[in-house]
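Shown next, in structure tokens, is the structure this report addresses.
Labels run A, B, C, D and E following the written order; every chain starts at residue 1.
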Amino acid sequence: MRRVGVFVCHCGSNIAGTVDVERVAKEACKFPNVVFATDYKYMCSEPGQQVIKDAIKEHNLDRVVVASCSPRMHEPTFRRCLESAGMNPYLFEMANIREHCSWVHPDKEKGTVKAIDLVRKAAAKVVKDEPLQKSSIGITKRALVIGGGIAGIQVALDIADAGFPVTIVEKEPTIGGRMAQIDKTFPTLDCSACILTPKMVDASQHPNIEILSYSEVEKVEGYVGNFNITIRKKARSVDMSKCTGCGTCWEKCPTKVDSEFDMGLGKRKAIYTPFPQAVPNKPVIDRIHCTKFKNGKCGICQKFCPTGAVDFEQQDELITEKYGAIVVSTGFNQFDHSVYGEYGYGKYPDVITGLHFERLINASGPTMGKIKRPSDHKIPETVVFVKCVGSRDEAKGKSYCSRTCCMYTAKHATLVHEKIPGSKSYIFYMDVRTPGKGYEEFYKRTAEEYEAQYIRGRVSKIYQKGDKLMVRGEDSLIGRPVEIEADMVVLANAMVAREDAGDLARTLGISYDKDNFFTEAHPKLRPVETHTAGVFLAGACQGPKDIPDSVAQAGAAASKAIGLLSKTQMESDAIVSNVDESRCSGCMICKGICPYKAIDAKIITERIGGKMAERQVAEVNKSLCQGCGACTVACRAGCLNLLGFTNEQILAEVEAVCL
Amino acid sequence: MKTVVKSKISALLDEIAKEFNLLVPTAGDGASKFAPYTSGGQVSLDGRTLLPPKDVFFPQTEKMYKFSTDGMAGSLETLLEAPKHQMLFGVRPCDVKSIHELDHVFLTKGFVDEFYQSKRDRTFLVSIGCNGPAEPTCFCQSMGVNPQESDAVDVHLFDLGSEYGAVAKSENGEAFLQKYASFFNEAEVQLPAISEFALKPDVEGITEKLQQMFDHPLWEEVSRKCLGCGACTYLCPTCHCFDISGRVAGNQGFKFRCWDSCMFSEYTRMAGGHNPRPSKKERVRNRFLHKLQYFPERYGDLLCTGCGRCLSKCPVNMDITNIIKQIREVELA
Amino acid sequence: MTQVLRAENPVSPLVPVVGKIIKIVAEKIDVKTFHVSTPEGEKPFTPAPGQLGMLSILNVGEGMFSITTQGPNHLEFSIKKTGVLTDALHEAEVGQTVAVRGPYGNGFPLDFCKGKDILFIGGGIGLAPVRSLINYAVENRGAFGNLQVIYGSRSPADLVFKEDILENWPKVPGMKVDLTVDRGDDEWKGNVGFVPAFIEQLAPSPDGDKVCVLCGPPIMIKFCLQSLAKLGFKDENIITTLEMRMKCGVGKCGRCNIGSCFVCLDGPVFTLAQLQKMPPEY
Amino acid sequence: MITEKIRAAAKELLEKGEVETVIGWERGTFWYNSTPVFISKPEQADRLVFDDFCANNLAKYLLDYRNADGKIAVFVKGCDARAITRLIQDNQVKREKVYLIGIPCTGMKEAPKTVSSQDVAGLPLLAKCQSCATPNPVIYDILLGDPVPQKEVGNRFAGVEALEAKGADEKYEHWGKLFSECIRCYACRNVCPACNCRECAFDANGLNWLGKQNNLQENQMFNMTRAMHVAGRCIECGECERVCPMGLPLMDINRKIIKDLNELFGSYDAGLNLEDRPPLGQYKLDDPEKFM
Amino acid sequence: MSLNTEALPKSQEVTASPEAAPQPWEPRIVGFACNWCTYAGADLAGLSRLQYPPSIRLIRVPCSGRVNPQFVIRAFQRGADGVLVAGCHPGDCHYSTGNYFTRRRFLLMQRLLEYMGMDPRRFQARWISGSEGPKFQQTVTQMTEDIKALGPNRKMRDVE
């Protein structure tokens, strides 16, 4: 008979508060096969784990049940504890009597009864557990970075410096991401391009880094250490090997189009590079607006190109590569505040967003750094800044705070003061949040030295009056409505996830939250990992954050990836499917079910009725199988069993719970 | 001979039901079987029931003992309660013989099965004779059964057309006829002639012949069409193979015995996987040899009373009379 | 020819009585001998040599095992780890409650063997059923002629009942014990080789109507029979035991039949002559 | 006429040695019993017969010939042919190892009550043939006789709909009574071409999906599990209902599953063409999720 | 199999919960929760201290695709009053396609259970993601109320 030990945790008062842990331990002794049961204040603590190790030796236990918190939290912890006590870590089950019991059932009596049931369930399952071994698989020592913003570049550089080849896949024609659009960076006001472009150049020149710009990830197959990733290299219509980036083509190109990079404030040609310091500095033809593609005429760029690099016949190219780790750093979008009809965006050209303002003050921007009103290019005297547009607003926008608006609005006010002498800035705010190093001091200087007028209140309406914009709001500190005549209004829009974030998450098989930001494995303990092994996160794609945090996360994600790639062999999980070949009839219905293509047919020969005969049976590739178990239900005869969650174990749990 | 008019039978049954736990052949919806009598209920005294009376004494599932475990300790308690006195009314001679053969198995050879015995000793048997094949598939006459009369009962009723002729076959039978004499009147009777049977297999000397036919290719041919289901064995009044298994729920549990069929594939499979009868050929051969050779060798009777149930319900019309004919036609070297 | 010993049975032969494991002897890694007695400390029943008992752990299952020997108030079962029940038994400890019923089977033909020389041949765990007869012969030494035990196993570590085969039995007057192993190791002094070859090497003479009791894996029995035939042993004098799946143990559930006889009731002990007359289906 | 064609075809195949064995029907105990027969010599071909009582579906016997060296010929009616298609899809039969002789079928008859009445015409069609949707074989090597016109089959789900309309307790009462009649002889499973596992989950002694007792709960578990296992595989050949000794209306269960499969995942009939895959073996992104 | 059928279990629903019992009857619901979403959602409900009746017992499975319809029948057999199968929203499955099969299997299974006479409220399948703690709480609360109204389950239950 098995010798099971049950260990009930108090978790301080988290469990002991609403579950009578002593009674649970006492009842556990009566369960079949349980030979030892005790309770302790903190099972997961060092002394707690020692209690388990001692009990294993003293009562020579061969199976352990811990009744404490969620296995998603401490299952690995207790498995390691068992391993150090010389026991197979898979002869272990947890009963979740905290999240699923003590924290949600105030009635102590009923909570205790439920806890006892959960422990009986775990004990019934552990009796059926068999020792399992992890199998090891090889690792492709190569990383893929999706998104070439500052976070992506930093990750690529760190991994490349560690000696592993990295590929950056960037949707836009150039890397640089959002940061390239920004003029100055708070709090030190050093110029964004000055700190970004060297990194971009480092990335382009680093021997270990390959940049695939104007490309997207099409399909991701395989699993940690062995991802097969199909990348679509969109047709640039320019032959990268021949093009020298001389710029003749985009000078001669007759077609002018609104530049997305300049947020529509400036123009670009049909054949263009988004901004001068683009890396790779090779143009792309915008096939939607280029007359050659629209009606077959023109083709001037091809004529004037000295190296004949322009090639209209170029098609999308699909390449499939093997990678060991993936880091997602696809950045963020600005909140589309058209829902706030009252702010008049779209009706009044002089009501612009933060990024528009960044393009205006940028030296390589459409106005060569001079702040001019988009409507009549006059220099504005009075500029009003409106914060929390779309943030902290569950009704119309996003419930969260976008963390960066307070700081970049203060920066904008500082720059308005510097660039337009005698100008006046007003800032409508709810709160001013300055969580970073030197942030509060920077905000103080803006308010005091640069006389930026902070008004605590929300803006209710903006309307045009003559060539002025009337900004009506309320100053909640003095409790009076306020109306300001402004020449220009800058809205600090919320940071939201990319619109295709959901599709990318599905392609990668990672989960995402209600705002489409990618979900980290654990908010506090594993912020840069996802639940899908081998896929890591960096930057704003995981949640709103500023450049310092993004770069810090980039370093963390890179170290995780390096940690994975530095191993020669990787242990694949022991929870995999297993075929009982003597009973398998080879119908292969399981093969069509497996999402990882881990099941295939194999021919075995055996002696039937005196002569050797061949027969087809299913075979599970233990390294591909991720242990989802969908195949076990499709197999009618029950020859496919998922080790760790076998049919017998789950049936035992069902019976124990219904006792 | 004492006779009773058929129309008074239901009244007689009402009386009996007061004293006995009365079981009668019913043909309500679903298959015809022996079921507790409900006055005015569906009683069908012509033809034989599809389900044999064997499960009156040897139920398909029967709890033997319950047990409880507590860590290493444990206790068990037999679940043997003798049923109230019961009467099995309207059994056909072929079924009477089958009961007699089950007695061989469960009550002799050194061990007595109390579960069977406790029911068998408390059952008063009343049989009704047939004047010919009740179903087209009947062939009891050729298997040594007198369709009109059976002896190993308490009371036998001859079918005389509009009335029954009652003959006591045991003291209990005598007492029964005394007790219910009001229903009977004395009359001279003339047994009707037994009508012709369609199936007349000749079983003369078949046991001896089969002793040399274990490896004969006949079995390969015969067994090909069998599906290996258990219909024949579960409908057969004489088949008595059973399995012992248990059910555990936490610390409580019980052990039960239930019908099993030698035709099932895992019937003789041992723990290590070795199976002395791995394919249909061995299993079909074993079933017919058990009925026509092994049982006669051991107990003296053929283990087939010619009721024809297996013949009528076999999905592929496996016909024991045809197999007997084929065995007869085989010339041994 | 086989006289039948029956012990009375309080209730149905299918309902066991509660027993307890009072001692466990680890013979080798996958064989243990369990000493079983009733909670009151007596013998559940008195079997004859060669008889079987149905041993069970209540909430696990039931299995038929040969009773290798018996003491004044306990029975001994030697059990190899092969299935669900035997696994549970091998993990059980002293004091574990079991249920036991029996005795079943015909047991060895004592009258037939009395007064004759007996050659016991055992292979691996096959020695267990034979040991019940050997111990009976040792206790009633006078009733039997010369005794010889030829016992072989895969390796020295696989030898079971070491106490009997190395100390007790060699000291018994008129009793010879010859051991062999398929693969020796450095301490092993005895013979190395398969049992059938070892038999031919020892060449025991069949005269004096010597009886030979033979148990072991089917493959070993097949070759031993050939060797014994060469040495002139008559079929009626060669006795062996068979192993079949058994459920009721009293010849009623129909499962363990070979031809018309039931291994659990008419066996498990058969002479070679009987076996040759039975259909080859075991 | 058909019988002569059958005998001729079988004799020719065996004489030319094209096939090792021919599986067909022969006359059984009475004139209304036709029973499967396995012929391996040309002269035995005269035992073959095709009449109004050849209800057995011969497809499943091919499972016993998996390791046969030569080809096997088998006579297939409309329903049998669908069973062959399913067995090929389940990799239990290789198309090239089977020679299919198709027979257009006008439906098989119930057995008469008494032996003597020889009149066949008056006998009603078997329940399974009354609602037969594929009288002509969908797959064959040769076809004996020209295709039979497709019968107008009423709403095959009428029985199911009638049952669905009942209240929960009424339905439980209905099925509870029927399932307590089941004696678990497994004839329905052993005759069913969809149940082609090497060893049934219920027979594996280690895996106790099903208790051995015969009570209402275990019978419910058996019947419901079998319904889910043959979901998408049942070709409505009706053999399970025909062979059930207790006469349980098993097709009411299988037809309910087929009705639901068609309603939920698009019209699908098992065994009609080789490329289909059972609905439960695949999915569509826009599958309905009414109750999720 | 005529005589010894246990009395066919009374199939009418016990409406009022038996007052006599000292403890008010608490329905017993067996829940199969997929480890990546619903189990995490239940954890989140715990983290956020969302109270719900203690009638559910969750069995963790790697994916809702692992839940075999036969487990559901076994649960009802052994005395469950309600069964919940919950997993990730289609598209969120950690194993990408697991819950598509769950959806197909249990759409069919629920109709079969209903066809066999089981009250549909006793068997529920839900998509509950890792961030939907409140939805988990509402599902359990709602299901408990439904089943309290229905009373203990008599159908398909081992009559020991």
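Basically, a contact is a pair of C-beta atoms (placed from the backbone, for glycine too) under 8 Å apart; a residue touches a chain by one contact, two chains touch by 3 or more.
Values in this document were obtained by computation on a predicted structure and should not be read as measured data.
Here the chain at the heart of the shown protein, by mean C-alpha position, is E.
When each chain is reduced to the average of its Cα atoms, B sits farthest from chain A.
A count of contacting C-beta pairs for B-D and for A-E identifies A-E as the more extensively joined pair. Taking each chain's centre as the mean of its C-alpha atoms, chain A lies 69 Å from chain C. Note on chain placement: the centre of chain A and the centre of chain E lie 33 Å apart, centres being C-alpha means. Chain centres here are Cα averages; for chain C and chain D they lie 51 Å apart.
With centres defined as mean CA coordinates, chain C is found 38 Å away from chain B.
Multi-chain contact residues of chain E, defined as those touching 2 or more other chains: 1, 69, 74, 78, 91, 97, 101, 105.
Within chain B, contacts with two or more other chains are made by residues 51, 60-61, 69, 72, 243, 249, 251, 260, 269.
Listed for chain A are residues 1, 32, 593, 609, 634, 647, 651, 655, 659, each touching two or more other chains. For chain A in complex with chain E, the touching residues are 70-73, 96, 98-101, 103-107, 110-111, 113-114, 117-118, 121, 506, 509, 511-514, 519, 531-532, 575, 593, 595-596, 626-630, 632-634, 642, 645, 647, 650-651, 653-655, 657-659. Per the touch definition, chain A reaches chain B in the complex via residues 1, 30-32, 35, 120, 582, 609, 655-656, 659. For chain C in complex with chain B, the touching residues are 4, 6, 9, 11-16, 18, 58-59, 61-63, 82-84, 86, 92-93, 95-97, 99, 243-245, 247-248, 250-255, 257-261, 265, 279, 281-282. On the chain D side of its complex with chain A, the touching residues are 66-67, 90-92, 196-201, 204, 206-209, 229, 277-278, 280-282. Residues 26, 28, 30, 35-37, 39-40, 42-43, 45-47, 49-54, 57-63, 65-69, 71, 74-75, 78-80, 88, 91-92, 94-98, 101, 105, 129-131, 137 of chain E are the ones touching chain A in the complex.
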